[in-house]
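What follows is a set of notes on a single structure, which appears directly below.
We just call them A, B and C in the order they show up, numbering each chain from 1.
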C-alpha cells in the first residue's frame, strides 16, 4: 500500500533536497543499516527504565558474579548488580557524550573555521593553536583537563570537545578556502558583496555536507574516548553505569566473570560501528569527492 | 635537503610552544581551585597551601611562566607532587616498555596493513576485498580495551598460549620479551592496521586507474612489479600521511593498552598520575607525547621528498 | 604469405550501467610484416578499443572480447593465457599512447622504465638493460641521453616524453608497434618530428605499425593502407592513395570534406569555402544497430540501408567498402 504511493511520488516530485536524502537512504544500505542500529540504541537509551530488568544500582552481594542466566541475562558483577540493566543504562552515557560532543565541536569548529577562511589574521593565530592542540593525543588532552577538575559528565564532554575541534576547523576552513577561490565568488567579491552575506549565501551551504560527515566521525570517536577515559578511571564518576565504567569494574574478576567486560564491550563496539557506517554512507552520498579519497 | 630539514625543524617550534602554553595555562585557568582538587577531598588548608607553593601557584602568573619556561628549556619538568622525584627521571625510567610496545605495533601494523590493502585494491570488489573492507570497518570500531580482553580471554585464559599480562625487558631474553608484547601489540595495532589498510586500498585503487599503469601492463611487466613498484610507489604519499595521523591513535591506545596488560611504561605512569592528580607528571607526559608525535610527522614530511621526485624542498 | 597480424570479426563489449556497449562490432583487418596501417575514425568509433583488444588490455571488470579472432604470427591470441600474453606485450607487440604526460610513471626514472622492459623480456642483467635504454634514448635523438636516464618524466617536455615512450616501445625490437594517437597531445611542429621519427625507426627495424588517429592528415603522410571505422564497425579499407583519390563510403567522403584545404582556390572576397560537417550524431552503442551504422546521417541512405547490414565489396586494387548505394 505504501510502496506504490511512494514510487508514484518518486515519479512526480521534483528532485528537492529533502527528497533526494530520503532516496539516498533507500539506495544506500550502509546508511540504512547504521541508522537502524543507532535508532535501536537510542530507543534502548530513552526507555532504559522500562527495558532494564533490575535496578542497575542495587548492590546484592549474595548474587555476585553470577553467570548469564534466565534471571540475569548478562550475569552480575562483583557487587551483584545486574549487568544487563547497567548495560542498557550505559547506552545513555555513550549516546549523550557522542551526540553532545559532535554538536558542540561542530558548532565551535564551524565558527572558527569560517573565521579562519575569511580573516587572514584570525587564520594565522587560530591555526597555530589548532596545530598545537592536534599535536596532543586526544585522550591525554582530556586526561590533563580531568586531572584538574572534579569528575562529572559535563567536564568529560568538554574534555573531549577540545581535541575534536581542530579536526572540524580544518575541514570547514578547507571548504571555505576552496570556495573562495571559485570564479563566481571572486566575481561576487569584485561586485561588492559584503563578507557576511557571502558567507551565508554561498559558503555555509557548501560546508554543510562535509560538516555532517565529519561530525558523525567525531561522534564515534567521542564515544570511544569516553569509554577509554571511564575505563582508565578518569571519566564519568564510577557509580554512573557507563560502558567504560562497567568494563573497568569488571577488570579484577575478568578471568572468572568475563561477561562483565565482553558484553558491554560488544555494545560499545556495535554502537561505534553503527555511527561509523552511518558516516561512511553519508560521506558516499553527500561528499563524493571525499569518498573517492578514502 | 639539509636546509629543508632545518626549516621543517624550525616549523615545529611554534607547535611545541602552543602545547607548552596549553599545559601551563590549563593549570592556571582551570575552573575551581586546582590546588584543592590536587590535594584531595580530605585535604586540610595547610596541605592545599603546600600544593600551591609546590606548583608555584602562589606567585604572579608572569613570573610563574618565566620560571617554568626557563626550567623547561633546561630539561627540568618539575617534581612529582607525591614522590618528590624529578618528572624527567620518572619519565626516563618508563620509556623503554612504551617504546618497545609502540615500535613493535607500528612495525607489525604497517607490515601487515600495506600488503592487505594492496591485495584488496588488486582484487577490488572480489571476496578478498570485501573481507578486508569488513575487517577495516570492524577494526575501526573496536575499542582497544575490549579487543584486548577478547584476546586475553582466548589466547591467555582459555588456550594459555601467551601470558595474561606483564612486561619483560629485552635483557631477560628475547622470547620472554616478545611473548609479552604479542597480545598488547595486536590489541593496539588492529585499529591502526584498519586505518592503514583502508587508505592503502583507496590510494591504490586510484593509482591503478592511471595511464602509466596501463603503460606498465602494455609492457607485459609481472603483476607484482606493476603493483609493488609502479602502483605502490605512486600511492605512497597518502599512505605515509595516514601512518603519521595514526600515531595519535597509537599514543592514545598505548595509555589504555599498558593499563590492560599491566605494562610499566609511560601509559601506566599517565594513568597513575591522573588517579593521584599529580599534574606535573601529566604535564611532562603531554609534552613528551606531543614531541614524539611532532617528530614522527617531521620524519613523514621529509619522507615525501624521497617518495615523490616532483616534491621539491 | 600470411599476414603478421590478422583480426577477424572482432567484437569487444563493455558492461555499463546503461547496458552493454558494443564498442567494437565486427572488425576485421590484416597487417603485413613491416607495413604501416592507419585506423581512422572520430572519437568513440572503437579504434582505441580495437588496439587494446589486440593486447588484451581491456580490464576484465569493465568489458571483454565477446567474439572474433586475433592471430599474431600464426598464434591465436584471444584464448591465450595471461602469462603468455604478458610475454608478448612489450616484447613482440608494443604500444604507445596518446598522453605522454600521464603515460609515463611519474616516480620512476626514464632509464628504469625503459630498462625494466628490456630486462623483463630479453632476460639480460640490469646493467645491460640500462645500456640498452641509453642506446634507445640516443636512437630517438634525445640529447644528452646518459644524463636523461636518471631524470624523471616531469623534467622532460611533452615531445621528449613521447620519444621516451617510443624508445621504450621499441626497446625489445617488437614486430608490431601499435600507436594510439601518438601525436594528438603534442604541438604541431613536434607532431611532425615524432611521426618522422617513427617512420625512420620503422625503416631501420622493420617493425610493422598500426597507427590509430582521427587525423586524416597524419594518415596521408605516414600510412600505406587505411581502415576507416565508424560506430565500432569498419566501413572502408583501401591503400592510402586510393582512399584519398576516390573515397567511396559516404562517411569517408564526409570526413575528407571536413579537412581544411589550402589548394582549393579562394573566391574574390578572399574567402575559402566553408568546411562541411557531417550532420547528425554518432549512434548510441548500447542498442544493436540494425542496417548500416551510418544510415541515420547518410545523405544517400535508403530503406535498405536502415534494415540490412551492407556487405564488403571489392572495388578493385584492395579497395573495399561496405555501402549499399555506392556499390550498386
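Just so it is clear, contacts are C-beta pairs under 8 Å (C-beta built on N, C-alpha and C of every residue); 3 or more make two chains touch, one makes a residue touch a chain.
Fair warning: this is a prediction, and the values are worked out from it, not measured in the lab.
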- Task: Please state, in steps, how far chain B lies from chain A along the shortest route of touching chains.
- Result: 1
- Could you tell me which chain lies farthest from chain A when each chain's centre is the average position of its Cα atoms? C
- Chain centre separation (chain A, chain B; CA means) in Å: 22
- When centres are defined as mean Cα positions, the distance from chain A to chain C in whole Å is 55
- Between chain B and chain C, what is the gap in Å from one C-alpha centre to the other? 54
- Task: Would you mind writing out the residues of chain B in touch with chain A in their complex?
- Result: 14-19, 21-23, 26-27, 30-32, 34, 37-38, 137-138, 140-146, 149-150, 152-153, 157, 164, 198-199, 202, 206, 238, 248-249, 251-252, 255-256, 259-260, 270-271, 273-275, 277-279, 282-283, 285-286, 289-290, 293-294
- Query: Along chain C, where are the residues that touch chain B in the complex?
  - Reply: 55, 57, 61, 85-91, 94-95, 97, 99, 102-108, 116-117, 120-121, 152, 154, 165, 168
- Message: Taking the touch rule as given, give the residues of chain B at its contact with chain C in the complex, in rising order.
- Response: 124-125, 210-212, 214-222, 225, 229-230, 233-234, 307-310
- Within their complex, chain A touches chain B through residues 128-129, 131-141, 143-150, 220, 224-225, 227-228, 231-234, 247, 251, 254-255, 258, 261-262, 265-266, 268-270, 272-273, 276-277, 280, 292-294
